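You will see chain A twice below: alongside chain B first, and alongside chain C after that.
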Partner chain A sequence: MSTTLNPCKHLSDYKLRYGVKGFSLIQKWVKSGPYGKTKTQMERSKSEIPRCSFCCGYEGRLYMCLICSSMSCSLSSESNHALLHTQTQIGHEIGVDLQRSELYCFSCADQVYDPDFDRAVMCEQILGLGNGNLDGIRSNGKRKRLGFEVGLNSDFKNLKRVGGGGGGGGGGEWDHGRRISKSCFPVGLRGLNNLGNTCFMNSVLQALLHAPPFRNYFLSGRHNRDSCRKTAADRLCLSCDIDIVFSAVFSGDRAPYSPAQFLYSWWRLSENLACYEQQDAHEFFMSVLDRIHEKEGKTRNTNKDNGDCHCVAHRAFSGLLRSDVTCTTCGFTSTTYDPCVDISLDFNTTVDHFAANKAQKSTETGVSTLTSCLDLFTRPEKLGSDQKLYCQNCQGRHESVKQMSIRRLPLVLCLHVKRFEHSLARKASRKIDRHLQFPFSLDMTPYVSSSIVRKRFGNRIFAFEGDESEISTNFEVFAVITHSGMLESGHYMTYLRLNEQWYKCDDAWITEVDDEVVRASQIYLAFYVQKPNGHKAGEDVGCHLRSSVSSDSFVSIAGCC
Partner chain B sequence: MSAPDENNKSSHTQLASHFFSELLDSVIMDVASESHRIARLGLDRNLDDEEEELRLSAQARARLADPSNSEANSKYVVDIFGQTHPPVASEIFDCMNCGRSIVAGRFAPHLEKCMGKGRKARVKATRSSTAAAQNR
Partner chain C sequence: METGRMRASIKRPPTPDAEDEDQDREPTLQEIINIKLIESGEKERLKELLRERLTECGWKDEMKSLCRSFTRKKGRNNVTVDDLVHLITPKGRAAVPDSVKAELLQRIRSFLQSAAL
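Take a look at the complex of A and B:
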């Protein structure tokens, strides 16, 4: 949690005098519902319901005094026995809203928060989750290889509170850019010739050429073409050809480059996609990463899993997604992890309520935003009644709720907007032309697993696994790929952001454009790079070239200070 | 004189109404409590930034839709390096498959036939990730 919580004077006094023992009183009254939900239910014994000590009523809000445990109700401003209690018993200022398990200070007349109290509530909730044999809970065998503890207690740090970590230095791939004057064009800016419907390839290449970890890897000569060719029995290596493209594009020559060799290599490696027709840029992007991994992965890892792969494609783009499936009957949650190199987002047709309020014209149906698509991606989704899953805890087939979240963010986040709808039923495809608003600075905090799990448990102050992650959750856009036109005959372009200036890369044509042009464009793929903590928004995505080994492959740059 | 039925109905209605109010109050309080916690613990999103982004986006779209804005939709004259480029890329280089000189803008269709790929070429090849066998 980012804010430091300052308790009110009355709460501090209470804790000083009575300690935290009083908080455990709540545990007698708390019962967890399914899903490990935020709402807790009262049930001391089946026959007894709590009643107000003043009027014996059970309606309205019921508060329990933390000092003397007496119950009192609050019905309205005229009938507030809870307040009456604090007035008759001096010093009994803190009560607990029994239905919500929240602390209330009657002197401040406000809901107040305390980590020890939340911990007491959490303990009760955790123990109440799924009444099966806790020892019998095991993860799916396959997933364990990723080294994550899956199971009931993995989310809660063994019920011990860990001192807040906060983000560390992280992000070694972020370069502190030198302020390059605007009159001088950035390195690596070069048009790419269209070789015949190859704008899908050009647009993705432009984005890859400027993805910081990817760019740094190749520019510092970490892929050695000479030694690579010798060891490769099949003599095919897409990374070598990418390296050639990097050298050409960063050479200082500004005449458009023809990535013919690259196209040839890619076709040789991707049989099923090799034909002269417009391809999907996203598919191409995935295909390139696959080819790099296949080649490099073998030489660098023994792991078959993509999770901890050290090939440049995965080091730059690979993240980890978490999927939670909760049985609606017993509340047991089964968690699995899957690596990913991008996130495909469906359009959220629910209108963003801010936009709706500010809609200028009455005809405007509201604006779709990238963040609302991410909200949709991480929203709990009730699986259909035809998709009943077997629950290992209560051992039956029940309806379940699924929720996605991001366990580990990649260094470079590629967000794919699903604009192309393929309907199997109608055997037709269509493009969704709807505009999608996207931010230049993106905070991924609400979508990471620790936030999602925390939210599921009512946002209690508690240490959740992943809280102290080293990776910053702040991202900055550096490239967007747009698609304009129809499904079959459209055109891809890339907008690149270098030194806070946007450039439009339309095959051979590189032009400068304003922020506005980019904001108004129809994005299909958006590339964000992680910003380490301490960086302010808008700072340079610098192009600081490391002076390192094998400078031979890298010719001195012309035309840039 | 009102029939017993009518009295019952009105007290039933009152009771139903009463329960409904209770439930409604409880739900409202739930939402208020959750939102209060989110706000107080700093877990809410920066709404100001979000609104600003939306405003900028709307402004940008309006500007671009403006017909008097010629800059946005104009054809290219020169790029930032002062160069012009023809609609079909005119650079000429040798095909790495057959060795012939090919115009860049027509390289892809040439390569497709040259490599015997594509729908118009021969029968679908089986997928293989290291396509060493393909070349001559």
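Take a look at the complex of A and C:
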């Protein structure tokens, strides 16, 4: 997201001559509304509404000149008193749109942007937040006067000018790879035998086998089984067993493979789950990542803000979540960061009238979408009165509002759809079978911290720590794990997307399927991989497998299969 | 602060000073209603309700994409806010769903009744 901030000549001149005096002056008239909106309203008796000094009209857009405070309106190109003002008062070129608290240049007849102005407005907004303007919450707290900098998160402290220059271009083109004829499966597709209710394991393995960072790591032999065995005291290393599975699956042999050794190792490492009973795929996924990390992670406590664990599990899946808790009494926001390897989403049962296909505006049956679940995840949530949190600023227990956002996106995004709801009345959990629509291409921009925090202030301009980062926000799906059946017993399957073709992986059976089949399935876990902006060579392991660095069991396979 | 007399405008007759205005003119019914709406804060509430409804039904997204495609065509630096306002005002007005119009009219009617106008 790029914000070109080059001020027009008139704004630069104004700032040179008047600095931020005018901004501070109107600051006290800024009133906050919901959804980050603000208006500028001078304290007048109720019967006086702002009127244009030329025509006394109060309709259309009203602008207040920052130099002489006179109001002028702009209704249409024929009736533009704002323009008239600047023509009659030479040098009066900058004003404020009263209804929106935005800067306006009379000469350019356009909105202009200035970080100092936005900062002035945002200060008032923050104060306004503590005054019952939070989505209509009424609070009787005293309005605490926060200093200019206090109350602003560390994000705002360095209010640098967001540099000009366009941001990422139109996003890199996804490497479509070569269209392989339907009769030939790509390398790396191999059925996995069910060893007794182990579909939960097979489905997750299929997804991991094709998670690009994971796949590349193991296929290039970065986990050295020989040196590993020498150092391991108890000879148990899940990564070694995963490496064996990779070798087997990418060997070119098409007969279904039994990951028995992997299962056995996993049992030994997760004793509490060792049995032939059905397990939850998400739980299994988390435990596999944990085991890999335990063995490979350099330090045990790498779960800190700056701690980047270099184990393959974290390098692939680790992201950072931001949680903002705002005290409704004083408006102070406390921010915490927590690492995550996946995002668990509550099922958003409110219907999305404008789902992916904008063609039909369905009014009857709406559709639940994955993006609406993400919206729900990042929506401000009023914590109940039984969950009053201690606010360090006003030092009391008050009701608060919590909002989640993603501070750092992982390379591989695993979205977990919580398809269960617990009914307190019936004291039982129930599975939500409802269909969830999901996109093949996902833009995570609206859910990252910079977007969420900006939105809180009506998209004001401020530099966000680590903004315009290298990480692309465009993701592409490569695997979905579906569940059919009931909570206690059901069946997992994985759909893999390789070279734009979907394959259904149902334990030992792999078949090509059409997009529609996948779209209609009931997803439980969805795996998205980051799509690089300026197209780095998408490492597609096509049919032509170059012999990898140190691995043994690969043969250059020319042509198909 | 002085407001000069506007004799330069071609289309409109010279506008008298703002100060004289208030004493001479009878406010129209429309103005009276509008002022009452503003004073009581009802106009603000109606605006908020309208914003919510238009967002829910996707009207806002529609307008956004109209603005985006226009901006893309003309180039980001060649578009002003006024251009966009003029572009989407007629389309926007036409695209408001009837249900939203009905709801707001109902609210205004009940307000008028309660304000005994």
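Simple rule for what comes next: the second predicted complex is superposed on the first by the 347 of 561 C-alpha atoms of A that agree within 3 Å, B and C clash if a C-alpha of one lies under 4 Å from a C-alpha of the other, contacts with A are read in each partner's own complex, and residues count from 1 in each chain.
Keep this in mind: contacts are C-beta pairs under 8 Å (C-beta built on N, C-alpha and C of every residue); 3 or more make two chains touch, one makes a residue touch a chain.
Everything numeric here is computed off the predicted structure, so don't read it as measured data.
Visitor: Between chain B and chain C, whom does A:Ser70 touch in the aligned arrangement: first, second, both, or neither?
Guide: So A:Ser70 only meets chain C here.
Visitor: Under the stated touch criterion, which partner chain does A:Gln261 make contact with: chain B (first), chain C (second), both, or neither?
Guide: first
Visitor: I want to verify the contact counts: of chain B and chain C, which reaches more residues of chain A?
Guide: B
Visitor: Looking at A:Glu271 after the superposition, I want to know if it touches chain B, chain C, both of them or none. Which is it: first, second, both, neither?
Guide: A:Glu271: touches chain B, not chain C.
Visitor: Of the partners chain B and chain C, which touch A:Val367 in the superposed model: first, second, both, neither?
Guide: After superposing on A, A:Val367 lies in contact with chain B but is clear of chain C.
Visitor: Touch test for A:Tyr18: chain B only (first), chain C only (second), both, or neither?
Guide: A:Tyr18 sits against neither chain B nor chain C.
Visitor: Of the partners chain B and chain C, which touch A:Gln111 in the superposed model: first, second, both, neither?
Guide: both
Visitor: Check whether A:Ser53 is in contact with chain B, with chain C, with both or with neither, and answer first, second, both or neither.
Guide: second
Visitor: Is A:Leu84 touching anything from chain B or chain C once the two structures are fitted on A? First, second, both or neither.
Guide: After superposition on chain A, A:Leu84 lies in contact with chain C alone.
Visitor: Please write out, lowest number first, the residues of chain A touched by both chain B and chain C across the two complexes.
Guide: In chain A, positions 61, 111, 354 sit in both the chain B and chain C interfaces.
Visitor: Quick check on the complex: what are the chain A residues that touch chain B?
Guide: 1-3, 5, 38-39, 59-61, 97, 99-100, 102, 111, 113, 185, 189, 191, 193-198, 234-236, 254-256, 258, 260-261, 263-264, 267-269, 271-272, 274-277, 291, 294, 352, 354-355, 358, 360, 367, 369, 371, 435, 437, 439-441, 443, 446, 451, 458-459, 461, 503, 506-512, 515-517, 519-520
Visitor: Which residues, counting only chain A, touch chain C once they are in their complex?
Guide: Against chain C, chain A makes touches at 4, 33-35, 46-47, 49, 51, 53-56, 58, 61, 68-70, 74, 76-78, 84, 87-88, 104, 108-111, 353-354, 361.
Visitor: Could you pull out which chain B residues touch chain A in their complex?
Guide: So the residues of chain B touching chain A come out as 22, 25-26, 29-30, 33-34, 36-38, 40-43, 45-47, 49-51, 53-61, 63-64, 72, 76, 79-81, 83, 85, 89, 91, 93, 96-97, 104-109, 111-112, 115, 117-119, 125-132, 134-135.
Visitor: Show which residues of chain C lie in contact with chain A when the two form their complex.
Guide: That would be residues 1, 3-4, 6, 8-9, 11, 15, 18, 21-22, 34-35, 38-39, 48, 51, 56-58, 61, 76, 80-82, 85-86 of chain C.
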